[in-house]
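The following blocks contain the structures, represented as structure tokens.
Shared between the two complexes below is chain A, which has chain B as its partner in the first and chain C in the second.
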Partner chain A sequence: MSVFRYIADNWDTLGPQIETHLFIVAISIALAAAIGLGLGVGAARSSWFGTVVLAVTSTLVTLPSFALFGLLSIWVGLGNPPVIVGLAMYALLPITRNTRAGIMAVDPAIVEAARGMGMSGRQLLTRVELPLAVPVILAGLRQATVLVVAIATVGATVGANDLGQPILAAIGRSTGTLDAVLAGIIPVAAIGILADLTLAALQRALSRGRVAVAAT
Partner chain B sequence: MITFDHVSKHYAGHDGPGAVHDLSLEIPSGEIVVFVGPSGCGKTTSLKMINRLIEPTSGTISIDGEDTRKRDPNELRRSIGYVIQAIGLFPHRTVAENVATVPHLDHWDKQRIDTRVNELLELIGLPPRDYAKRLPAELSGGERQRVGVARALAVDPNIMLMDEPFGAIDPIARERLQNELLRLQQVVRKTIVFVTHDIDEAVKLGDRVALLSAGAKVEQYAPPAELLARPATPAVTAFLGEARLVRRLALIHLRDVRLQPVNGSAPKTTVAIGGTLRDALDAVLRSPDGTVAVVDGDRVAGVVDGTVIRLASQ
Partner chain C sequence: MSVAAVTARGTRRLSLSWLRLFAVPAAVGIGIAASFGVFQTLAPGPADSGVLNSTFLESRFVGHLALSFISFGIVALVGVPLGVLIAIGARPFRVLVFLLANLGQAVPGIGILVLLYAWLGLGAEPTIIGLVIFGLLPVLRNTVAGINGVDPAVIESARGMGMTRLQALLSVEIPLASALIFAGLRTTLVLVIGTATLGNFIGGGGLGDVIASGINRSDRIVLVGAVMVAALALLADWALSLVERAVVPKRISA
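After this line comes the complex of A and B, so read on.
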């Protein structure tokens, strides 16, 4: 396989690109998780807020990434920042939607018992609802991560030095296109699969006694 | 003592199920008071107004003379045990962790919590060695509700609210739980407000029974024997049904009944003197000649037949 020779020969440039790719994905997911959890809790508490939040986050996903990154670069400049912000916007939907769904799926009898025993709203959320929603929230986090790992390649168009670079560089070349494209795609797929498996394992480990969720 | 003083709860737009109109009632300390009535009569609404899960539209509920609205609702609820039909155990917490819920909220130290949890699990007959570390999913329905009761008793509240706690449990386990509750009450002496739609359960458990009709109207509030012997209104008679006198037999203990002396040889069919007239009636129906020997260990205390039962029930 000439692609592995290509990867080995170009490791000096590919190594930093993998690192940047991982960095962009990690930061954007962390950002989206922080915001998405809050939005999801709010969306579970208030039905009109839930409707608005889901409509907005669903619309975000429909924006073409190429256009979104370009647009964001006007405000936050070129390089990693527009990619991080844009990916966080894409990741919001699965995280918000699953947080809301996970909380709303908690058996009303459990909530009634908790309130009847004198838990405050915050205690109910942190001790009962969120812990019970963890498997569903993690499923959303998985979907978001896999999505973002792939879309991050488009970030190369606005100057992010990630795994989109070898792909971008190969387009339009007369020779060696396949190897260069694969040199971008293979690490991306590897990162995606690893992240998915890790989060799936975490999801199973934290599902003790909770609502069963199909590990899809 | 819990006092309902002209308490009403109206729901906007309709006057349907669950509404309460002008309920006044006193629940004495240390007694089991059962609210019984048809679905939608407002019995659960009335119960939930005690711990303010539902706020009354008007009127006052006070506990030992203090208006419950003067207390922080969460602090009030932590001081009152609460058991519901669906149990609502936390599925991600062990039995011990579930029982420790309220002590934990009240910031007890770990040592004190552990001691209390073990004590309670022993009390409800689930040895901590076998049960403390189990998850609710690993228990039977009856065991789960026992944990529900232990959880409600955790900080030793004076008052327990029980909303059809045994309603979803199979009849055999239900009867055992009822007996255990009565045994437990001998030990803990709580003020228990118990909601059910099952008149047999009400009669069996209640020191007093409040029979409610739509809007939580009190049709009769009396000890079970009186309710069955002298229904106050046609609604009570209708709710008690045809078999009220047979039900009442279960409240009369054979020790309190004037038995016939043994005449010649004692009848072959026997009933233990610890039983009730209902047990005796069952034995009379089984007996070939309609007479039954009441036995106290090896000794025959007397004889029961249809006439004895009829006289004793009046």
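After this line comes the complex of A and C, so read on.
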């Protein structure tokens, strides 16, 4: 296919764009995981906090990406920063929601037993609840990653040099339009699918021998 | 349970639902008010008067409404019946629907739009076709999942009561699946309004025009465009959630 020749011929520009894409996704997911875990634990502990956090994070994913990135660029400037912050905001919902669900799904009898052994609240969380919630939390991380890999493409509209660039550059070309678009879409889809499969494998490996918990 | 406890419970549920009802419009109102304040702090740009006038903003707003609602209308009218047909009749297509729906998540919306540009050129039509293709997947997936998720025993008893296959479908299966179907419709509505913001790159018009004309030039223009799209997305999702509350039978949730 001519797309692959196009990708090979334009590797000098596409290579760095793939790198930037991966960089943006990695940073935003790390950011969202750090914040989302904390919010999720809080949301599992207090029902009013949970309601507020879920309402806010689900409102965030409703915001159109071009609007959110544009808005953020007013304060953090153009380029990668608004994209990283915006993507982290989108990734919060699946991570927070699943952390909360994972902790709340831990059998109360286990929590009771841990308390009976004399564990403090902190020990209970780090040694019992979070480890048991790992498969559900990973499911959230997986959803967040697939979402963020695709939306990162829109970052090109606010100046990020990621895989949205070949797609935008295709507009207005007289020849090779299709090749240029596909040179953006194919790597993005490949990254998304690979990330999904990797995290799915990790999820399976870590949930082996555990009672299945419904992940939403 | 005492009478007082029952009443207290009833009132609490009522107040919570009123809060839910008005939280979104109230938040949008506060957001718009706050952005007026932010607007004043941003430096005006030379391009402002050409974009920030009622004629331009209105035309792009109406254009955005048209792009979004025409696409959403087509998706709803085609997607739900098609999903029902696939769920009850075409087994092999079910796997294909779920596969495509999962794959669709990995493909960026702007990529679909530019693909259609490569095929059909600039304009509103390629934008609408792109939005329909992109928006169809969540509706199809949720409709198929909803109908397939209905307990066969329930259908069996409906048939046992003397309902025809069609009656069972219309008065038992579709109502039971409606919560999931609505979840798909809401996902699609938000997706379509958001992706329509990228329609400007292929000449589709819409509010993306406003944001794009401010990027690199004027923060004030970006702010106005972004706040308009964001408010539209939030209010449209909220409005559809009201329809959902009215239509989906009580006790059924996704």
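Note that the second predicted complex is superposed on the first by the 207 of 216 C-alpha atoms of A that agree within 3 Å, B and C clash if a C-alpha of one lies under 4 Å from a C-alpha of the other, contacts with A are read in each partner's own complex, and residues count from 1 in each chain.
One rule holds in what follows: contacts are C-beta pairs under 8 Å (C-beta built on N, C-alpha and C of every residue); 3 or more make two chains touch, one makes a residue touch a chain.
None of the values given here were measured: they were computed from a predicted structure.
**Q** In the superposition on chain A, see if there is space for chain B and chain C together, and answer fit or clash.
**A** Fit.
**Q** State whether A:Met117 touches chain B only (first), chain C only (second), both chains, or neither.
**A** Only chain B is touched by A:Met117; chain C is not.
**Q** Specify the angle subtended at the CA centre of chain A by the CA centres of chain B and chain C, expressed in degrees to the nearest 10.
**A** 100
**Q** When both complexes are superposed, which of chain B and chain C contacts more residues belonging to chain A?
**A** Counting residues of chain A touched by each partner, the higher count goes to C.
**Q** Is A:Ala67 touching anything from chain B or chain C once the two structures are fitted on A? First, second, both or neither.
**A** second
**Q** Go through the superposed model and pick first if A:Val128 touches only chain B, second if only chain C, both, or neither.
**A** first
**Q** Check whether A:Ile193 is in contact with chain B, with chain C, with both or with neither, and answer first, second, both or neither.
**A** In the superposed model, A:Ile193 contacts chain C only, not chain B.
**Q** Minimum CA distance, chain B versus chain C, superposed model, integer angstrom?
**A** Shortest inter-chain C-alpha distance (chain B to chain C): 10 Å.
**Q** Touching chain B in one complex and chain C in the other: list those residues of chain A.
**A** none
**Q** Going by the contact rule at the top, pick out the chain C residues touching chain A in the complex.
**A** Against chain A, chain C makes touches at 23-24, 27, 38, 42, 103, 105-111, 114-115, 117-119, 190, 193-195, 197-198, 201-202, 207-208, 211-212, 214-216, 219, 222-223, 225-227, 229-230, 233-234, 237.
**Q** If you look only at chain B, which of its residues touch chain A in the complex?
**A** Those residues of chain B that touch chain A are 51, 53, 73-79, 82, 84, 86-93, 101-102, 105, 135-137, 148, 151-152, 161.
**Q** Contact residues on chain A for chain B in the complex?
**A** Per the touch definition, chain A meets chain B at residues 107, 109-120, 123, 128, 131-132, 208-210.
**Q** Considering the complex alone, what residue numbers of chain A touch chain C?
**A** Residues of chain A touching chain C: 55, 59, 61-68, 70-71, 73-74, 78, 146-147, 149-151, 153-154, 157-159, 164, 167-168, 170-171, 177-178, 181-182, 184-185, 188-189, 192-193, 196.
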